[in-house]
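Labels run A, B and C following the written order; every chain starts at residue 1.
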Amino acid sequence: MNTKTLKSRAIVYGVLTILAVGMVIPFVWMLLASFKTSNEVFSIPMKLLPKVWHRENYQEIWKKIPLLTFFVNTTKLTFITTVVQVLTSCFAAYGFAKVKFKGRDILFVIYVTTIAVPWQVYMVPQFALMGKMHLTNSHLGLILMQAFSAFGVFLMRQFMLGIPGELLEAARIDGLNEYGIFARIALPLVKPGIATLIIFTFVNIWNDFMGPMIYINSTELKTIQLGIRMFISQYGADYALIMAASVCSLIPILIIFMLCQRWFIEGIAAGGVKG
Amino acid sequence: MRFRKITALLMAAAMTASLAACGSGSGNATTEPAAEETKTQEAADDGVKEEEAAETADASGEKIKMTVSVWDNASSPQFQSMADAFMEKHPEVEVELIDTQADEYDNKLTVMLAGGDSDPDVIMVKNAETQVTMKDKNQLLELTDYIARDGIDLSLYNGAAEQLQMDGKQYTLPFRQDWYMLFYNKDLFDAAGVEYPSDDMTWDEYEELAKKMTSGEGSEKVYGSHNHTWMALISNWAVQDGQNTLMNEDYSFLKPYYEQALRMQDEGTVQSYANLKTGSIHYTSVFEQQQCAMLPMGSWFVATLIQDKKDGKFDFNWGVTKIPHPEGVPAGATVGAVTPIAINAKTDVPEQAWEFVKFVTSEEGAGILADNSVFPAVSTDSVVEKLSSMENFPEDGKTALEITSFAFDRPLDAKMAPVRKVIEEEHDLIMIGEEDIDTGIANMNERAAEARAE
Amino acid sequence: MTSRQKRELKTNLVGYSFVIPNFIGYFIFIFVPVCFSFVLSVMKWDGSDAPMQFVGFQNFVKLASDSTFIISFKNTIWYAVFTVPLTLVASLLIAVMLNSKIKGIVAYRTAFFFPYVASLVAVGAVWNMLFQPEFGPINEILRALGVANPPKWCASTDWAMWVVIIVSVWKYMGYYMVVYLAALQGISHDLYEAAEIDGATGLKKLRYITIPMLTPTTFFVVIMLTIQCFKVFDLIYVMTGGGPGRATNVLVNHIYNAAFVDFKFGYASASALVLFAMVLVITLIQLWGEKKFTDFV
């Protein structure tokens, strides 16, 4: 390696490190602030480290808000919605891509018409409808309104279309019926697609704020996003506690992210390529 | 061939079965809310079926669930106390409070009601003017017949009940009546060697006092007073003399009070509006963490302070006195609001809801409220007596309870809500200094006129 | 029934059985509401039991004279105009740097990507504190650097939108960086090697190979970003609530307020259709572009 490339490598590392630190600073600041007293958070002159590490902040927030309930709710919503979304989407996608049945094209056109319509466009009539069905203020309502996106079917269909028809034909000749072909041949071949859909649904539902905000009223049904928000407006000046609650809300997603990082990256990459 | 067909059928059956299992699996996981919902729905959509449901529920030992919408439950213990007292009297009913943070309460309530659900059965109307919109949308159960049937004496409320009537009919009853007072931190006054705020101060004198009580720097700074971000904390003093209301066509009567608020902010005797707003800072924590010496606030704050001190959330002596008044207005003139209570027109438990409303607005309910240091709308002698002898209420604070006149903070007007929204946006801009007062008031006049015209 | 008909019937049934579970849910919870939103936009309805009233295009006419709508429309465009290029450039540059056989790529990637999955409310809270006008660390640093009167950020009509833009770029950049990384890995090494033989340096390679080869991806990213910007709400609601005044009020704020605060469902749906029209334009551009780029690639 010559000096020039060495120098440019150094620059790349330097720039990347500075940027990465910049990205992480809010989280570090949050973590440090969560161990301070509320007065100390904004002390002038600024001090980065707490004078005394107030670990009891973390005990206190559990007494003030039902964080655990919020976690359980969010996890439950995310998990069920993702499972329903992925299962039904794969099913439908296979039907649309690989089974020739009457009315297929019409049904698919119905999906196509809404693919470009953002949720914000129809959230109002959807809410009115859900209200009539008595599905507001319930987790069931939230799951139903989010689990059947045209996007899921679309994405999976794209992947299903990529499966060569000869493969399926061969399986048919071997005596496998459509369900068997779906389960044994098609599904394993679209794993990257499934990963993508899982990631998209998971992140969307976990981070969804507006949906629960509109639909959920009862504290015991609230998600982590709403819960933290409620905490912030009720304990506005308890900065340290707010930061402690925020840290708590980030830990599970951090763990999940660390464990499944590869999936996240591959999923998004596949989604980005397939469009 | 035949064999293959059968396998296909079996496979298909297995597939559907597994699908059904998925379906019910997801259903099971959501059992709680779903089951509850069907329960309440089955518990009938009309009153007749309801009675039966109540009996069967009674017989099976299951409780009738009733929901009441409230705000900031954590810092307003009175709601829970009322619910507990009611449940003690009516053990067959289980009262559940639906809690929302105060600043989102009106929004959330409208959303809940528009959802067409039976919840909340009982509605605490945080801002009285919103009852007009709710009535217009047929969301409120008319109470006139219930009142006649049970012979409720409306004179208990000193005219407040009549003021809440709409088109000559009663949809709500006054539950609480709150007015503004001046709270202060006795320890901070003692430490500074300054006399406690008097019960006969003009707003100018109050401003002087705030200046005197400001000390310290940075995060250790103690502000002389604290103006929360509500527009009410400016406009209330402008309507205190009863001459103007927030439905006036010209808002220039607000000007002197904006000038004062901005002056105090510039001189650093109160925290800046921008800070409070961006930090969404609750006044309770500011006062309880001794960051301010005085705080003009509503009488509901009495209950918060008594409760929080009991819970050991703070440990200093607080005092309360009459709210300052404009020049030429006698001391004891105050501003405030009535908190009406209403029943959701779609409630599935109308009888129980009415019982609850009746209970909390009765003299007995008022007594319980007063015991909990909350100011009830019923003001019979015994209630006033109870209020002035509240436990842990400062001895010298009784003067705050004596009022000579009472101005409504906002008129009961169907257009008040939309008008309020636009004038509050301008309030925001004036207070952060983006608009000078004259521009802000001119914009208020213009935009409020638009909102009224709609 | 002939055996052919039977077979057809069977295939049909099998096909339906695959599609139906999703279709029922989709039809009830998405397709019907979408159609309903068109109906609602020419109606006057407060969401109550009272019947809706047909008002023709009145809602749309009202939009044109509603100052709050006009402001929120402008704000949305303003937000998109700055957020899209900033996010794009940031994510592209970081992806290119990460792609140059860096050691510890996982650590870097995590740092850049984590904000994307971090819960929005928590992130909004911490940024609000960092940008706190009086005691916040950002202004504290600015003052130390000699800025006498640092901006009041979220408490200033001039700066509030910038805060939202900065936080948006910070939060969403990681996602597009991953998209770019994937695309970069698809560029053949031969191209670079050939360029090196011709004596091209790092920056030249970026200018003449990487960026042109990434055009389809960039196009895709621009489309995605623009649509995402049009839909922005959560972040703004959490950080500024649309304030101060109406300085950060965006389209979805307007829809939300019209629907869930003022309960004008018809009016809200009319504003929602404006959002839809904006997204539709972008989507049409995308369809046109996809054709173009498939030819190109």
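Heads up, the rule we're going with is that contacts are C-beta pairs under 8 Å (C-beta built on N, C-alpha and C of every residue); 3 or more make two chains touch, one makes a residue touch a chain.
Just so it is clear, the model here is predicted, and its values are computed rather than measured.
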item: Contact graph of the chains (line, ring, star, complete, other); value: complete
item: Taking each chain's C-alpha mean as its centre, the one farthest from subunit C; value: B
item: Which of B-C and A-B has more C-beta pairs touching across its chains; value: A-B
item: Separation of mean Cα positions, subunit C and subunit A [Å, integer]; value: 15
item: Where subunit A and subunit B are represented by their mean Cα positions, the distance between them in whole Å; value: 35
item: Per-residue multi-chain contacts in subunit C, two or more chains; value: 14, 17, 21, 47, 129, 132, 135, 260
item: Junction residues of subunit A, two or more chains touched; value: 42-44, 84, 87, 127-128, 130-131, 177, 179, 214, 232, 239
item: Multi-partner residues of subunit B (at least 2 other chains); value: 12, 15, 111, 114, 116, 218-219, 279-280
item: Complex interface listing, subunit B residues touching subunit A; value: 4, 7-8, 11-12, 15, 22, 26-27, 29-30, 33-34, 37, 41, 72, 74-75, 96, 98-104, 108, 111-112, 114-117, 119, 218-220, 279-282, 285-286, 289, 291
item: Sites on subunit B touched by subunit C in the complex; value: 12, 15-16, 19, 23, 106-107, 110-111, 114, 116, 133, 137-139, 218-219, 272-275, 277-280, 418, 421, 425-426, 428-429, 432, 434-435, 447, 450
item: Touching residues (chain side subunit A, partner subunit C) in the complex; value: 8-9, 12-13, 15-16, 19-21, 23-24, 26-27, 29-30, 33, 41-46, 84, 87-89, 91-92, 94-96, 99-102, 104, 107, 110-111, 113-114, 116-131, 144-145, 147-150, 152-153, 177-179, 182, 203, 206-207, 209-210, 214, 224-226, 228-229, 232, 239, 242-243, 245-247, 249-250, 253-254, 257-258, 261, 264-265, 268-270, 272-273, 275
item: Partner subunit B, residues of subunit A touching it in the complex; value: 38-40, 42-44, 64, 76, 80, 83-84, 87, 127-128, 130-132, 134, 136-140, 143, 175, 177, 179-180, 214, 217-219, 221, 230, 232-239
item: Subunit A contact footprint on subunit C (complex, rising order); value: 8, 11-19, 21-23, 25-34, 36-37, 39-40, 47, 94, 97-98, 100, 102, 106-123, 125-127, 129-130, 132, 135-137, 140-141, 170, 174-175, 178-179, 181-183, 186, 202, 217, 220-221, 227, 230-231, 233-234, 237-238, 252, 255-256, 259-260, 265, 268-269, 272-273, 275-276, 279-280, 283, 290
